[in-house]
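Okay, here's the structure, questions in a sec.
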Amino acid sequence: MQLHQASWPEIEAYLERSKGIVIPIGSTEQHGPNGLLGTDAICPEVIAKHAGDEAGFLVGPTFNVGCAQHHLGFPGTITLRPTTMIAALNDWIESLVRCGFQRIYFLNGHGGNIATIDAAFAESYANWSLDGEACPYRLKQANWFTLPGMMELCRSIFPEGEGSHATASEVSVTYYAYPDAAKDVAMEPKIAPSGGFADAADYRARFPDGRIGSDPSQATAEKGERIVKAAAAKLIEDVEVFFAR
Amino acid sequence: MQLHQASWPEIEAYLERSKGIVIPIGSTEQHGPNGLLGTDAICPEVIAKHAGDEAGFLVGPTFNVGCAQHHLGFPGTITLRPTTMIAALNDWIESLVRCGFQRIYFLNGHGGNIATIDAAFAESYANWSLDGEACPYRLKQANWFTLPGMMELCRSIFPEGEGSHATASEVSVTYYAYPDAAKDVAMEPKIAPSGGFADAADYRARFPDGRIGSDPSQATAEKGERIVKAAAAKLIEDVEVFFAR
Amino acid sequence: MQLHQASWPEIEAYLERSKGIVIPIGSTEQHGPNGLLGTDAICPEVIAKHAGDEAGFLVGPTFNVGCAQHHLGFPGTITLRPTTMIAALNDWIESLVRCGFQRIYFLNGHGGNIATIDAAFAESYANWSLDGEACPYRLKQANWFTLPGMMELCRSIFPEGEGSHATASEVSVTYYAYPDAAKDVAMEPKIAPSGGFADAADYRARFPDGRIGSDPSQATAEKGERIVKAAAAKLIEDVEVFFAR
Amino acid sequence: MQLHQASWPEIEAYLERSKGIVIPIGSTEQHGPNGLLGTDAICPEVIAKHAGDEAGFLVGPTFNVGCAQHHLGFPGTITLRPTTMIAALNDWIESLVRCGFQRIYFLNGHGGNIATIDAAFAESYANWSLDGEACPYRLKQANWFTLPGMMELCRSIFPEGEGSHATASEVSVTYYAYPDAAKDVAMEPKIAPSGGFADAADYRARFPDGRIGSDPSQATAEKGERIVKAAAAKLIEDVEVFFAR
Amino acid sequence: MQLHQASWPEIEAYLERSKGIVIPIGSTEQHGPNGLLGTDAICPEVIAKHAGDEAGFLVGPTFNVGCAQHHLGFPGTITLRPTTMIAALNDWIESLVRCGFQRIYFLNGHGGNIATIDAAFAESYANWSLDGEACPYRLKQANWFTLPGMMELCRSIFPEGEGSHATASEVSVTYYAYPDAAKDVAMEPKIAPSGGFADAADYRARFPDGRIGSDPSQATAEKGERIVKAAAAKLIEDVEVFFAR
Amino acid sequence: MQLHQASWPEIEAYLERSKGIVIPIGSTEQHGPNGLLGTDAICPEVIAKHAGDEAGFLVGPTFNVGCAQHHLGFPGTITLRPTTMIAALNDWIESLVRCGFQRIYFLNGHGGNIATIDAAFAESYANWSLDGEACPYRLKQANWFTLPGMMELCRSIFPEGEGSHATASEVSVTYYAYPDAAKDVAMEPKIAPSGGFADAADYRARFPDGRIGSDPSQATAEKGERIVKAAAAKLIEDVEVFFAR
């Protein structure tokens, strides 16, 4: 069940049986020569939809632009400042709590969001902690790619060149979601360099085509499907534990 | 061409021939007994995609949660505070300008966003005006439902009960976009009451099922298709003028 | 009755009979070769005073600097950023509500303020809507120049060159308010160009002497008086409806 | 010369001979049983106008709502939060500097504003200091009632009951400015209690009618005139030194 | 008793007998050729510790970076923007109040902090005043160097060259606190110039080695000890009055 | 070398040979029945001082209050909201960069700070990335307790009951720093429960005396000394690599 395709009476009925919701959260940022700019939003969106359809939980709208300042050296990237993202997440959380939700699970697709989502949660809880009142809701984030067993699965599918940005796996997932958007691009070098980075200029200097440690030319829709299904299964388990807490 | 399905080299190539982009912007809010919570985001998204595919301009990611405080009396609604939305829009604008875009056209699907988008534009321009430097980019917003001829068209398709919120037209557009999400719900009264509102409690008291002045039980995917095509044609004209300015 | 000339016991007594107040709100910005920088604040101030004196309602202090970034190419202009204005308006509103007011009517003199005032209202209501409590007060804005019949009146007094910025009407109103400040300046061209604008540099390039579409050399104190009296009468009607709601 | 009654070409001409401006800054807050709510804004406004007319310097619009949280126990009081006031002052300063002003002198009428104005100045300078660039403008604040000799003068006119809030002097100045607004109210006790305060509830408990240490029933327009003229003379001296620095 | 060396059960026990706490607050900024960058934090810290140990009141952690934009022309200086400091102070205050404290006394070591601390207090009280509720706590700030009799004592110890920044007294206090950090530097000129300043560039131009009006080469740990003991005695008196209020 | 005990000419000289600085950063929060409220600030402070003294690098003032909302159920805890902490960190960073530093290494003592420090770094870099300029400085954070080999060392010293909050190791480090502050308290149960938490009420319910998984009654100053020396050695290695980058 997807919130954006539901009516409010349908949500009202859902809230009778569950107070939980899953929000896909990602980024709009370069993903190398053959990766989609929307990769990090598309992956959690498609995985959450799969899982929600199967397990019957509600999936909210996708938070599709996140913290991507380091990718701004590549056109098409859009970023929020971390403080803007904290404000936006808190408005989403307040709204959902106002509607009756008490368990909000953010399924994240972008490593660069993790810290800011955590800070946003602390900002949210701090209002209750400073007021001396018990907070009636719980917040959780998890990356689809670090759900139990997922890293192992991805590395087994792509023994070489899975990488850490514009990974073979995430590109596969997007090709599964949008087969027509698959792009056939030769990679040079085959496997991109690895390492850390600071701002956008530093990133572009270190990773000239945007990839980190990956060879996403291996990506296929078929492999993406396999990954989506495995991740959806793991997500269902994790969500059920969280909603029941 | 849709940014979230493009790679950065494709955007780089696009920027060689155009500095313009269209951003669908909407809201996630109740749309009456048979309308989708995502209606105001879905409508500009589908119209912009249609137009962009035909005319070859770039469509960015959808800004899918806007100013909807007055709908919070109905579950499923999510709002940004206006100041949060101004901050977020300015981060999007700064990012797109940094990438090389100079004409940013927001195709809006929600009346409650108009003022805040305008304020966000003034906030953006103010930085340049206070610095005493000429701003190198231009911003524009337009509602899909007030593009030239659209109001007339919608009222000709729905001579009675088009209304002003959860309109027969916008629900039709979403049914065209997501036929499986169409909902068959009887409306009582047939045509909802009209009028103004203040906060969420006031809104719910005046408009108990969320509609204003509309009878969206008339909505069909076929009518939605007609509206989308007409709006896309008008959008293309408007975008071309704006990009050429 | 004007708040700034009243004592607190007088306001306490007023609140016994009415919970309503009118706040003139304008801008400090260039108004062409013969217009006063304070025009947009002076006009609602003098109209509100007239009306308040006649009808016995309370007029608060004038919010005299607004959103005028586009006029910063002309010396003497002062602007608030929209987000600053939203913060300031919310502090005014909270204060007035704290004092017991429940109907706050902003009589606006500046087109550039409209969006930001609307956004400020949504910001104010959002606090209640997100808390799930009914907001006990109501906010309204209206431009003096769009009160019922005013546009027609102004265009009948100035059939040519009324314009849309530094209008013949608004300059007349200020000459009525401050006869000694009337300035005799020849206009070249007689009627200024019309059109849209973005930032301050863009504005100054399009409208070199600051006027848009107007010939304010026609302005006189006598015509101003006529306009003030007509606007005050319309304001009284509108305020009474709003206070009674 | 008053900015709000001048045209932009007049300001342009003024800037040829001076880069200085005086901004009256006050508050809208209770001033006891017979004092005007606008007292703290009216006093610097009338003194600055007097001085500006005589000495030929420019007086800007009045910043008429300041930091008055402690007076909110009395109806008619309006406050800005200190952080809002800092933001607003910085927008005013940026605008004036953008226009060409380099010496901005705030003539203050309210003790409760002093700290926040100082903090706003530090906020403004900090931008330059952190950038490592020399700030091209200078900011100054002075209270009209602490200009050289003014305290002595006021206490010589009112040997008893001058006080520190709703003072006999400031009420006199407003009666001189608005003779029709003079109010004849018996004071009980004749001289109000003195002391410190924290928030609005604390203030109202300590000072039940709003006065601190004063007997403003002694106020007359004639005494007000004497005070205005003396303060204007001192202001001229101070402003000339500041503008020449 | 120092909070940072206490356990939470010890604080819980302390709160049984007192609701008061003293917070040393200073700055990290240049203090001339032989003064420590931490001077303004160290002085209130050591005085508060002395006093707290003797009188048994609780001393909180030191707020060690304050408003020092004007010193940024000298390396080692760190500043907060005033609005940042207001936010931080309000978080400290909210936390302490949440823990049960009702009297928070800031012992300040830096003149440049005074205005911003005052503004922060007004920001804190404003929340209660605007809500119409009585604030249950009280806030106070005092500079160690203006406690009763301290200015006289310091000027009697250093009849010449006490000065107003990098004073002989404050440098003495830090040498008493950290004898090994005492620095033997010749001053040229012996007594530094005096006067005002604006931003960092202005400050450095007027006061090339950072001192204002002082000759801190007279500083000794012995004199520092005398000052600390005198200030601690005065602090105890002031704190006891404040806690008892 | 410690910045707060240095003079500005000493920092100027230091900058001739190094552009790097280490900032200890912690929290003021409950640390169980025998742990100091300042533990998380004291630990990085003492380790950084040790290392800086040995290796000759500069140690800045300690950022002593961090993100501790979850500990507010225990008196003595002070928190910043994450957004406040981001603002404060950015002011510190801007100041240090303005002074000439180009490598800023935050040695952290509190797990709850990690996300917010990361977000603050992204906020800082974003300004450069959005401007399209290369950021001239680099930021790094590291926890003293996760420096290479430290976790192993701590668990070898305390094979049972090291825990994850109010750990035996961190309490030992503070006892080494402040032997007089060592507290002899029996723990019940011997080893505290483990698990996650949300807000302050949730934390206190799960961990009634504040500890998580630890038995800090094993803490001794001697063990603390061993830990400090080991951590200092590892810190020197890590700092040298970072400064040289």
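In this document, chain identifiers A, B, C, D, E and F correspond to the written order of the chains, with residue numbering beginning at 1 in each.
What we mean here is this: a residue touches a chain if its C-beta (ideal position, glycine included) is under 8 Å from a C-beta of that chain, and two chains touch if they have at least 3 such contacts.
For clarity, every value in this text was computed on a predicted model and none was experimentally measured.
Peer 1: So which chains count as neighbours of both chain B and chain F?
Peer 2: Correct list: A, D.
Peer 1: Please find the path from chain A to chain E through touching chains that uses the fewest steps, and give that number.
Peer 2: Each step joins two touching chains, and the minimum needed here is 1.
Peer 1: Can we say the copies chain A and chain F touch using the same residue numbers, with more than half in common, or are the two sides different?
Peer 2: Same: when the shared numbers are divided by all numbers used, the fraction is over half.
Peer 1: Quote the value, from 0 to 180 degrees and to the nearest 5, of the angle by which the CA atoms of chain D must be rotated to coincide with those of chain E.
Peer 2: C-alpha superposition angle, chain D on chain E: 180 degrees.
Peer 1: Counting a repeat as over half of the contact pairs in common, which of E-F, B-F or A-E repeats C-D?
Peer 2: E-F
Peer 1: Counting C-beta pairs in contact, does D-F beat B-C or the other way around?
Peer 2: B-C
Peer 1: In terms of CA centroid distance, which chain is the most far removed from chain E?
Peer 2: B
Peer 1: Based only on mean CA positions, could you tell me how far chain C sits from chain E in angstrom?
Peer 2: Computed from C-alpha means, the inter-chain centre distance equals 47 Å.
Peer 1: When the centre of a chain is set as the mean of its C-alpha atoms, what distance in Å lies between chain A and chain D?
Peer 2: Centre separation, chain A to chain D: 54 Å.
Peer 1: In angstrom, rounded to a whole number, how far apart do the mean CA points of chain A and chain B lie?
Peer 2: Averaging C-alpha atoms per chain gives centres 24 Å apart.
Peer 1: At least two partner chains per residue is the criterion; list those residues in chain A.
Peer 2: Each of 72, 79, 81, 83, 87, 95, 98, 129-130, 132 in chain A touches at least two other chains.
Peer 1: Which chains touch, pair by pair?
Peer 2: By the stated definition, chains touch in these pairs: A-B, A-C, A-E, A-F, B-C, B-D, B-F, C-D, C-E, D-E, D-F, E-F.
Peer 1: Quick one: which bits of chain E touch chain D in the complex? Just the residue numbers, please.
Peer 2: 67, 69-70, 72-73, 79, 81-83, 86-87, 112, 114-116, 118-120, 122-123, 125-126, 128-130, 132-135, 138-139, 198-202
Peer 1: Using the touch definition from the top, list the residues of chain C that touch chain E in their complex.
Peer 2: These residues of chain C touch chain E: 94-95, 98.
Peer 1: Sort out for me which residues of chain A touch chain B in the complex.
Peer 2: 3-12, 15, 28, 30-38, 41-42, 60-62, 64-65, 72, 74-81, 83-84, 87-88, 91-92, 95-96, 98-100, 178, 181, 183, 185, 210
Peer 1: Could you pull out which chain E residues touch chain C in their complex?
Peer 2: 129-132
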